[in-house]
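Take a look at this one; I'll ask things after.
The chains carry the letters A, B and C, assigned in the order they are written, with residues numbered from 1 in each.
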Amino acid sequence: MRRTLPLVIAFGIGFAMLIQYFIPHPISENFYNVIVQQWFIIIFAFQFVLALRSFFMHHIRKISQKKEGYWFSAVAIASALFMAIAGFATKRGPFFDSLYKYMYAPLQATMFSLLAFFIASAAFRAFRARNLQATLLLVTATIVMIGRVPIGDYLWKGMPDLVEWIMTVPNMAAMRGIRIGVGLGAIATAMKIMLGIERSYMGGE
Amino acid sequence: MNISTSPWVWIAALLTLMIYSFLYKENPFYRLAEHIFMGLSIGYAVVIIWYNYVLVRVYKPLFFPPHQWSLIFPILLGTMIFGIFSKKYTWLIKYPFAFYIAGYAGISIPVTLQAFVLKQVEASFLTPEKFSSIPGSINSILIFVGLITTLIFFYFSTKREHGFGTAAKVGIVFIMVAFGASFGYTVMARISLLIGRMQFLIQDWLGIM
Amino acid sequence: MGFWQRLLKLDRRWIFLGIGLVVIFPLIYPLKLPVKPTKPSMDLFNYIDTLGPESDAVFLVNGSAPSTLPELMPMLQAILRHCLTKGVPVIFFGGLYPQYIGVAKMAIDEIIKEFPDKKSGKDYVFLGYIPGVSAVILSIGIDIETTFGADYYGIPIDSLPMMREIKNYSDISIVIDISGTSSPEYWLMYGQERYGVNFGVGCTAVSAPAYYAFLQSGQMVGLLGGLKGAAEYEELMARNGYPTGKRPATVGMDSQSFGHLLIVLLVILGNIGYFVTRRAEKTRGIEQRRKR
């Protein structure tokens, strides 16, 4: 029952939403409106509770077991509470906006900007033209890197047009092939979910 | 040089430099900044969800006229997610997940087929309009050949013999060009992120630019 | 140890320093190399340029988190400036994830300072976060007012003058998703394909190569790819006499150019070193086998 009923629900709602696409009748449209605007949106919101639980459980466990670096977990929890209290106390006022603009945004932006350094290091140490295919990849990458920036146009007037041709012809053809494959794969996975063949989203017993 | 006097800018600059200290060596300042970020992220999301969603779409429609009592049913299904807090009732979360994930699967099938398969195939057909000029003709044929050979390359259910093997090899050429282009663009993206932070440090903090 | 072997063993922190310097130097001493717009950017610009105060609204979606701010914020601001200058009604949706709202608020707060005569609810509407991702995209196609209830500031949608004539996608001229994730694919499937609304994209450079297929098939009106795409839009704004602000994307292009040159140089040096040391090892191996 615990396994069967969810599978029945999965098949029922999946099939209903699939055939609804082809039925323009007002009852079908109304069913779609209610499911999308109420059920899906509300259920999705509850999943945020899982994220909260995960965050607090992980850090509280680290603190209670006094694992290495546990006081960083205390900082994480304190930051979360500080941001939430600031938001509720000021009703999303300027102080809350400033916390986002001058603390959260710079932290995330800087973390991701570290990738520039690592890609430079990887370019020197790892990107090797070991065979014909790798050479083709590196040559194309070099042409695109130079041609897509103003210095490419400065060095050779035809460079931007060459890059545009690479993007709109060979790149586009291969990406389209990959996209079609991904699309067909996604449809197959969706069918498997609806038919109960794919059950990993339900977890264990 | 016109160094900023705003305490907020100094806080942002300090946090930026704490993260960049990782480039020399991992250190407690970096880990401190990382954990502050984690906490701020969760705290921010809670506030936004409360004000933009819970108050407007759940609390007011339920408790203020005109009461939308029909919302109780999806709320009940959603609360089954709380079953994860108890080992005895964890199985309850299967119901909302089955509803949600399978419902999306059903919605996605026709639109995925249309947008990612049929429209893409349609755009690749060699119609007479595509042969209106010599460059256009060559490009259209190349796109067609590239698409077919790429699909052949990813078809692993047949032996790579005779023409099939040759077509797969041609497909690899197109795929490598595409991956090379993607790599070039990826480098562009990463450098752009660094440029943004440097612009902040030089312009907003130090006032050099 | 030969020169190439020593070079290949170079501490990576020197490379970090190098990339930092080639990015910083052009920001302080700019070359101001000209930016040449490409067709995908021009297509999007020209589409918006045909709109006016009597046109259907532009639905601008922020898909930028702080991690993609440098690439996408210039695009958001340029398009907002373009629409507000032309008097095109703008529905600015803060984003499909809660962390995006802050970026959207930063963008709109900055731009509105340049347009003090533009009023929220009358010339533009700023919508906040609703959970659901794809469900939100589908729900907008049914009814925007039911989807959001109120704007970011808590004012009911049905009381906003601009929203009186706007119910769903059929009252929108174009949806433009400025995104650092794969959300344009969701907007394409659940918005453009299901409801037939015109669709344009501004994306990080990582995602741009994959979207050329949709440009060619006509499913997308135009595409801005990465910081270069943002710089192209700024250039088009300048060429057509629109306000451009500080042009942060254009300012960054010199650093972008030199950063790329350094990466190419590192790839070339790394490969030369690899082949030279590999040949030296092979030669040494052959000699050792001969001696035995």
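One rule holds in what follows: contacts are C-beta pairs under 8 Å (C-beta built on N, C-alpha and C of every residue); 3 or more make two chains touch, one makes a residue touch a chain.
The structure presented is a predicted model; accordingly, all values stated were derived computationally and were not measured.
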item: Chain nearest the overall Cα centroid; value: B
item: Pair sharing more residue contacts (C-beta pairs) when A-B is set against A-C; value: A-B
item: Distance between the centres, which are taken as Cα means, of subunit C and subunit B, whole angstrom; value: 13
item: Rounded Å distance between subunit A and subunit B, as computed from the means of their C-alpha atoms; value: 3
item: Centre-to-centre distance between subunit C and subunit A (centres being mean Cα positions), rounded to whole Å; value: 16
item: Multi-chain contact residues (two or more partners), subunit C; value: 16, 19-20, 23, 67-70, 99, 102, 130-131, 138, 209-210, 213, 216, 228, 256, 259-260, 263
item: Junction residues of subunit A, two or more chains touched; value: 36, 40-41, 44-45, 47-48, 100-101, 104-109, 111-113, 116-117, 119, 123, 138, 141-142, 145, 148-149, 167-168, 171-172, 175-176, 178-179
item: Shared interface positions of subunit B, touching two or more other chains; value: 23, 41, 44-45, 48-49, 51, 53, 57, 104, 107-108, 111-112, 115-116, 120, 123, 143, 178, 181-182, 185-188, 191, 193-194, 196-197
item: Interfacial residue positions of subunit B with respect to subunit A in the complex; value: 8-9, 11-13, 15-16, 19-20, 22-23, 31-51, 53-54, 57-58, 70-71, 73-75, 77-79, 81-82, 84-85, 90-91, 93-113, 115-117, 120-121, 123-124, 139, 142-151, 153-154, 171-188, 190-191, 193-194, 196-197, 200
item: For the subunit C and subunit A complex, residues of the former touching the latter; value: 8, 10, 12, 15-16, 18-20, 23, 33-36, 38-39, 65-70, 99, 102-103, 105-106, 109, 130-133, 135-136, 138-139, 142-143, 146-147, 209-210, 212-213, 215-216, 228, 253-254, 256-264, 266-267, 269-271, 274
item: Residue numbers on subunit A that touch subunit C, as the complex places them; value: 32-33, 36-37, 40-41, 44-45, 47-48, 97, 100-101, 104-109, 111-113, 116-117, 119-121, 123-129, 138, 141-142, 145-146, 148-154, 160, 164, 167-168, 171-172, 175-176, 178-179
item: Of all residues in subunit A, those that touch subunit B in their complex; value: 2-3, 5-7, 9-11, 13-18, 20-22, 34-36, 38-53, 55, 69, 72-73, 75-88, 91-92, 96, 98-117, 119, 123, 133-134, 136-145, 148-149, 165-184, 186-187, 189-191, 193-194, 201-203, 205
item: Residues of subunit B defined as touching subunit C within the complex; value: 23-24, 41, 44-45, 48-49, 51-53, 55-57, 60-61, 104, 107-108, 111-112, 114-116, 119-120, 122-123, 143, 178, 181-182, 185-189, 191-199, 202-203, 208-209
